[in-house]
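You will see chain A twice below: alongside chain B first, and alongside chain C after that.
== the complex of A and B ==
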């Protein structure tokens, strides 16, 4: 940059040629860049524009830009809604709980699968399969085949023990969702951690073993520090995806009973396609973006702190 | 050389392909969005008959579940997306769409395309169903399928318990019989009723209970009247009934779940859509199922609902004439004859035409037909509540805000049915949510 910007008027031909080559490169890459800007930023810009409206889809006359007063009204409307805090809490609770559960289970399974044993390949494939199912498909499966109080596997199991069949989705809706989503996401964490474990050089481990490290010490001082990067990636990706959990809630609980399982994405869906309020739905969308960034920044901060402590 | 010969040999085939392409482009494509209900699936399967008779039209289908369909077609209409030439709209949506100028008036189309409407006989449509599709006196969609609600019960179970069902039961009698039949140890529930949250799920039967207990959603100006003693009595009654004498997991039960229980003889009775009777007739418990009218409470009004699925043509369509020809075909009495021929009389779409119910073959194949017709004709969307309401509708209120309010209240009621909150709490919170929505919309 420094060289080329100073030589714009210079007589030398070499920098000019370099510049023209650079311009050509820029020109050639511009379609891709414009495409990227369009597909990533236009929906976001539209969301912001819609937040300035009071558009009810079923009332065409209400469409149109209403100015700053409207976005203030929209924000006031959602922030003064008594359900708002509950929805935010549900979103964070669901995300954090699933991250913790999947992390612990994923780590256990990864350690289990690292050592060779007969049938390991089969066990690995079976453990991965929940992640390969589409969210809506696995939700339908859990709701109808597993948890249905009259026809499900759980009803049959309860009957074996002579117990009254209960509908878990009704008695503990949030826990059911957390369990089902964790079931689905554990393989994801397991896969990443397994890759991490397998990249740990055998001689490091051997050296630690010769130095007299037991299994706990080995895990705490050799395996865990080595896995730090992998853990960060797994957790970060999980948080990004889990903040957007929708299919399972849509299929299993429709956000209820009451608001017990309504998270932010589901609330946006209700606002847009149940109440038809595009203005408030988009305002919720902005809140969701802010929340996602806050949670991710917080996670990164915590992880950095940990790294400093460990260093 | 060889390649040249090869090409020459293939030339006629290529020419033929090009001509075929030219014919294909001369066809007009009509895109239809519809619901994945059994009757609509039959329509799609039999549509080749229409295509054979109308070689200039090619049909394209988008078949979705009710909720997804509604959000797809409504969004499309609101933003002027023009994706569809025919949409399936419910009894709740049709007049709202007409008011927004999103649908062509059927009356106008019939006047401008008399040959397509020839022999259609608009007067044969059931008046109760047809009147629900009017906006400003003009018809905006034609009914493909119509239903009301009534009581279905397992007569064998009642006989064994020494009980009998009156022709017109009251909700008190229903509760009494249900709790006598209730036998959870043997996997038999006294009564199965919907509890799954949604304005078209649990709120459909619950609203009929509210109506007949003297309650209603709004007053005549649109002020919500949810936080009232009538609602409290209705919801408390419903909650007590499903908790004491219903199957486990009421908040997971809607039409398909209830149908499964009833058809395996695992529930004593069921108050739901008349269309269920047709499904039950062919089931395991089919021979035991008998029918009675929808139960009444203190106010003999609005205790049976009225719903229809209808075909309309969006104003954004660029194949209006072709679309009109199709909807005239699919809702005609000829189509009903065609289904009867191909699939039997029990499978014809119910609740649209008087002539269907006059057929002896239909009466024989569907013993519940007379009762269905009576229920549909008795349901009056214009007079379903004790006091006047802001807009018509039996189990819904025909205003744009109803779907949102209905879904929100449905969730709160499900929470009360599950026993997590009291009925008072549910109604108080529902009232507040409804007031906010109606005030935002500027009703008062």
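== the complex of A and C ==
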């Protein structure tokens, strides 16, 4: 575990010849670092530059740096548009709802899988599968097979319970997306919490049990505090990736009806590739980067703390 | 603490049932791919039917799927190889030749993996257009190689730090050069870890959609772009054929994920959880 062990390797006293080789080998990381800088930081810098333009790809003459006034105008344009608040709200609502649902389900499955029983490997293998499936394939599968109002399994299930069949994707588009994304992301949370549960020393639990702790006390005072770091890591990572949800929305609702299910990535996509407003799309892009960085910084903080605890 | 026999059986049955429920949509997709088109849309749904491979023959082994599949394989393999090629030497330097800056570099590397793709899609599109990389395998390989690089570095550094230094010192005393040291000492020990890393990189690239759909039009589009065209009620295929295509795209990643299961957590959390 790179960040947690942190011990330098290689003996400290070395003959000069070996030290020079040591210096040379240190630079084996340079190609990767240079490559990453090129591929990730150049576009990032360009996003900022583009936010200073009023470039629309359909009007080639509109390209060009317009100065501070333009970025202010771009920000004012997106911030005063009522769509902006809706899009931000959708992004946060989708993320928070999925985190909550996946935590309840993920915790449940992690507890079920924690101790050995016949068939555990099979159960685990089945449970991780939704996360492995291509997100757009999941979306297609749920939209066209599971939730279809005339022949879908949901229609059949509703009939079993004597209910009128509805097309969930139409009746409750955002809820459908939340449900489908939660189905995909439950295994992610489950795996991290399972690793957390299994790292709890057996004698800690044994001792608490001998002291008369019941299942609820045990969970509240022994298991939950131990899981804290794992929960933090799972939440932050999940949020970082859920802020990018795109394929599911693209397939299931195309962001509609209206903008009801449009989140930030989908709005950027619309702005850039159906309206071709590269300037405003880049301004939205800056918002997305800032939002993501808030969570990324928190995640790095947790990693640093975890490392201190282990040191 | 020990569960009784009955409890174990109930626990086992309950968990397997719950797991099957979660897996059921995928199973249903696979079953639907084996039905005739008319059987696929009956109500109530048919749970027992005579399977046919007709959809697979018509939609998977013929038609455009083959081309998209080829694109996906070329892009995925290319990007994974590129990430390993740059990532393994970098991991070696970061695991065995640490400096004061190594930790900060590692964290910066990870943060690049977490940047929102939507935040940089416009400049990527412009760059790809100006460098003639739009709708090419090369463009996506170069890009996805960078996307997978942090994953490779974080996982491989973790595996390398588990290797006893004494083993490498011994090889060096025998006069082994860098390449020999890598081949005869590191590679045999890293084998399983590298395989898991490659599999995870493979899964993420295979499934990627956002960058692919915005940077390709048809010639270099991967399967995810083709599958997304089924969004329009039935696209150009009907339900059973659509299921066959979706199942075909799922099989490689499911197998890869099942094989890499033990390293999945450390891969998903960039080594933060082992």
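Going forward, the second predicted complex is superposed on the first by the 249 of 311 C-alpha atoms of A that agree within 3 Å, B and C clash if a C-alpha of one lies under 4 Å from a C-alpha of the other, contacts with A are read in each partner's own complex, and residues count from 1 in each chain.
Convention: contacts are C-beta pairs under 8 Å (C-beta built on N, C-alpha and C of every residue); 3 or more make two chains touch, one makes a residue touch a chain.
Computed from a predicted structure; not experimentally measured.
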| item | value |
| --- | --- |
| Contacts of A:198 with chain B and chain C, given as first, second, both or neither | neither |
| Touching partner for A:301 - first (chain B), second (chain C), both, neither | neither |
| First (chain B), second (chain C), both or neither touched by A:60 | first |
| First (chain B), second (chain C), both or neither touched by A:255 | first |
| Which of chain B and chain C A:150 touches, first, second, both or neither | both |
| Between chain B and chain C, more extensive residue contact with chain A | C |
| Which of chain B and chain C A:164 touches, first, second, both or neither | first |
| Touched partner set for A:142, first chain B, second chain C, both or neither | second |
| Touched partner set for A:273, first chain B, second chain C, both or neither | both |
| Common interface positions of chain A, toward chain B and toward chain C | 143, 150-151, 155, 254, 273 |
| Sites on chain A touched by chain B in the complex | 56-60, 63, 77, 81-82, 143, 148-151, 155, 164-167, 169-171, 254-260, 270, 273-277 |
| Chain A partner contacts - residues on chain B that touch it in the complex | 70-71, 74-75, 78, 96, 100-101, 184, 187, 196-198, 247-252, 257, 260-261, 266, 400-401, 403-405, 407-408, 411-412, 414-415, 417-418, 420-421, 432, 436-437, 440-441 |
| Chain C-facing residues of chain A, complex | 1-3, 5-6, 8-11, 22, 25-29, 31-33, 35-36, 39-40, 42-44, 46-47, 49-50, 109, 112-113, 115, 117-120, 122-146, 150-153, 155-156, 159, 183, 186-188, 191-192, 194-196, 205-206, 209, 230, 233-234, 237, 240, 243-244, 246-247, 250-252, 254, 264-265, 268-269, 272-273, 278, 281-282, 285-286, 288-289, 291-292, 296, 299-300, 303, 306 |
| List of chain C residues in touch with chain A within their complex | 1, 3, 8, 11-12, 14-16, 18-20, 22-23, 25-26, 28-29, 32, 40-45, 86-87, 89-90, 92-99, 103, 105-107, 109-112, 114-127, 142-143, 145-146, 149-150, 153-154, 157-158, 161, 165, 169, 178, 203, 206-207, 209-210, 213-214, 223-224, 227-228, 230-231, 233-234, 239, 242-243, 246, 249-250, 253-254, 256-258, 261, 264-266, 268-269, 271-274 |
